[in-house]
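Quick one: this structure, given as structure tokens, is what I'll be asking you about.
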């Protein structure tokens, strides 16, 4: 079970998310080294996770088995090609570039280098979406007749960010377009038509000639229609949900509700079958919590005394069951 | 961010859960060594995770900074004391012992050794339960007036297991009793009375003089009532839920539904505010998936070509928005 | 489809609920006459619904085909017997009496009179509960192994009411006890044991020697356990919910959520199949709304002009679909 | 509280729905007379509800205070005008006509006659939709930025029906267009643009040159976008749901779930506050059930004996609470 050491380029918001995951939560990937054009920030992230900092991207590549690129969009293509040509597999945040020719050239350079490249469309790795995709691909929906997805941010980004974002559809809608291809394309075929509408509910966006709300109608090769709606400021929260309607069943992914499957006359969602399904993180967390006690000298949350108190209560329950009488308990004996 | 190396004793079901977490998902704890009285099973688990196997418990203790005990109940107390007396912090699955005197002696021996001991009541580390506990302790419920919890297995355990389980209340109800102390005791005080009722819906349990369903009524120091119901065979799934009613608010933990807070005239549940809250595991999973590609030579799930196709669709959407016309797309260009 | 004319005795809160239903919403029953010891209040209710007022109970009986008794508890038995002996079928709010001997005497007098008597346990007539009861009786749950129900008021009643209420269990728990017999007794047999616990979270109840929270554990003839919890002040709202666990399925009635059926690994709830199921009251309400316009001379909510505007928009949609172009609309043409 | 007597023209599916409501569930409207071109069917419906049958529409008008038109679409306009010119207020199912000129002429004739006309857009009278509309109109959403609604039938209509339906958008989408004007138009202004897309997932519809699925994108005067999706065969059930996103809050109407209000970081739904809110139909149903017993001689569902049994159990609970002991009960004493 060898782990793969990643060199991480970029320590902005997404970079720091990746740093924390590589250093603490990944099972196969691990953090090997950190680089950022802002050397101080790189050093701080490296120190936080106890890994070396690289002073140049070339040094990062040198010290890593694979490279994760989470820098500003403008350098994605160049760093990806550099790493690939040095023989390093590359994970790159989307988009590769805001320019089609550069995107194609990057892909071709990576292909020529013969290393794998993965782009950061994270939604394909969420358990709910992945489960839905697998069941759709397996034919459980029959033929897809309608598709709907919403991706909405809670609050708009900094206007400075917008200038280099590539525009609303390239920055936001692209996630749903990838999902449409992956989730629905498997059974409904390629997307053949796109019709888009935009609006700026916030005058700040209108002033920039930009939009903050969009609707995109899709047509798939099998004739089915799809609708994407996107917003930069839904206000109530971050929305990322979908519905796929098929001739045999309909599925809805609408966290925090469980994934729902609809068949004639009924909506159903799966139930946990055992403690591992019900508690996917509690067993990891209890060991990490205790490891922190060991490392930092803090007291555990549940001691032997707690176990004794619970045992005494369980014994009282046993006695009550046997005698049919209420048992009075005195804790902390 | 030093990790703490755990020696794991026991490779039954819970032991293997811990092995997988220590080896792959923990951020602070890590797997250092494995031991089991069944040496072959220990070797297999050790090999799976690339760590050494210990042939004796003493060797495990020697090679570890802390020890996790997940052996059959009968050896919990002895192994805990042995490890503690060797200066190792101990994480032990519940119960420490089925015998009160042994439980007390174990606790006292660990205290004399001056090392921390944590017992495996995992529910305290689930995000939903922990959030509820924190808000209750902070007074958000006001005074607690009623408490209810259900712990139900989907299917009954092997009858062979039952003989050494300590009985229904010590084996099953003890989890809810610990939760009652932790979740409610903080504001309602100690549990002062216990009244228990049992039933055997399955004749196999009745034949053993045992029960498979129980109700346990609690009284807290503040006078509030609590009800625990437990079952070894709920059939529909694994249930682990609670409701705590207070003078200011009521909370329900009923996965897979989100935690619900009730105040006069309204029930509410929290919404994700950004992609990190909404996708707590997708960003870890995408890096692990790519690490597996790197390690094993398999192709990535999302390539540059996928990114290009999504980019082309986003460009078509931009064009449609600008022109007000439907744009025909040809994929795979 | 002859309607049955009811004489209503009692115009307190429940009496006025019945008056409104008999006068406006019942399909087979109708309001024939109203009586109350408080003649002014009776006259007001009678006038509101356009029916005669009776100055004595004897007159009410005389002018009615059946009698509904919604007076204070103390007069239930006497009025019921009087009406029955005059040959009138009687609907009586619960309880018949707070005294067992009087209850039995009342039942025997009604039986001797040969008229039907129905007591007001309304929950048996709620669609959710009735559907669950029918499916349980039909065997869809298999054998019942556990039953749980909650009845909780939002805010406590006036202390003056409590004095004549018969006590917590007779006033509140009796509803759940009836439901337990009806919903579960059909397959689990009679209730053979009762164990009750009470608490007064509000000092005002303790001062009266009364309780405001109770837990009642039941044992059914088949050995299954049941738990009732009741409260006079749940604060967040009025709770009336249940769960029945069986060997084949489990049902939960927890409005405002739809009734949920759980089978191994899955929870499901029914979906509406057509507009009548989806809109059980809208078609009635639209006709009543228009009847009010006719009667009172107020304008309708939806006029022909609204219909024309929607028609024009639908025509624009048709044109857009045919041409593939966006159609600009000018309302109010 | 005078009732308004309606003459009902048309006894097809919608006509029979109206007949049942007018005869049994309306509080202000009542059924006065029935007419249908198919005299036998009219006679059967009239007999079922105990009202006279009219042999001509003129006779129906003569015997009614108001007229409800639920005949096939082709005769809506003519009957509406005839009734209006006879001075009768008219409730007419949608559409008034499939022809714009006839629609306008009908409206003008009714206006000239000076009687009120209401068209059958029932959704405005559903409690969930009406509550959402009222709160939106009151400004609780702030400015509307996005609107989405779905209307989907479970199974397609008979092809014979389609020929005279006016086409998909006039027959189906028109409901959502009315709702868009009512629900959203109040704050977002008139609909200024419509873009529609259609698909035929079922070859039978394609063969007729018709569609069975459609998406309609709206633009409101304030710039906000809206999306309607419609289907003639969603298969899983009848869907009629909406979401309106505003700058202050977002509302979702998605029965059978309760209406949900979203504000920053939270989703909430209202809870019942008392038994009347929780049981809107049970109190009516219990009286109608008893009225049927009286009328038809069948036994009541809940007798005095049931009340006695529940009383005995409540008394046992009281005794158990007082003594702290389990009480054994013997039913049917």
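Order of writing sets the labels: A, B, C and D. Residues in every chain begin at 1.
Keep in mind that, in the parts below, a contact is a pair of C-beta atoms (placed from the backbone, for glycine too) under 8 Å apart; a residue touches a chain by one contact, two chains touch by 3 or more.
Bear in mind that the values here come from a model prediction, so they are computed numbers and not experimental data.
Colleague: As a test of understanding: of all chains, whose mean C-alpha position lies farthest from that of chain D?
Modeller: Most distant chain from chain D: B.
Colleague: If you tally contacting C-beta pairs, which comes out ahead, B-C or C-D? Let me know.
Modeller: Result: the pair with more contacts is C-D.
Colleague: Go ahead and note the Å separation of the Cα centroids belonging to chain A and chain C.
Modeller: Averaging C-alpha atoms per chain gives centres 47 Å apart.
Colleague: Could you please state the distance in Å, as a whole number, between where the Cα atoms of chain B are centred and where those of chain C are centred?
Modeller: Inter-chain centre distance comes to 42 Å.
Colleague: Roughly how far is chain C from chain D, centre to centre by C-alpha average, rounded to an integer in Å?
Modeller: Result: the chain centres lie 22 Å from each other.
Colleague: At least two partner chains per residue is the criterion; list those residues in chain A.
Modeller: In chain A, the residues touching two or more other chains are 154, 195, 197-198, 214, 236-237, 262, 265-267, 269-271, 273, 325-326.
Colleague: Mind listing the chain C positions that touch chain A in their complex?
Modeller: 262, 265-271, 273
Colleague: Taking the touch rule as given, give the residues of chain A at its contact with chain D in the complex, in rising order.
Modeller: Interface residues on chain A, with respect to chain D: 143, 145-146, 148, 152, 154, 195, 197-201, 213-215, 217, 219, 223-225, 227, 229, 231, 233-237, 245-250, 262-267, 324-326.
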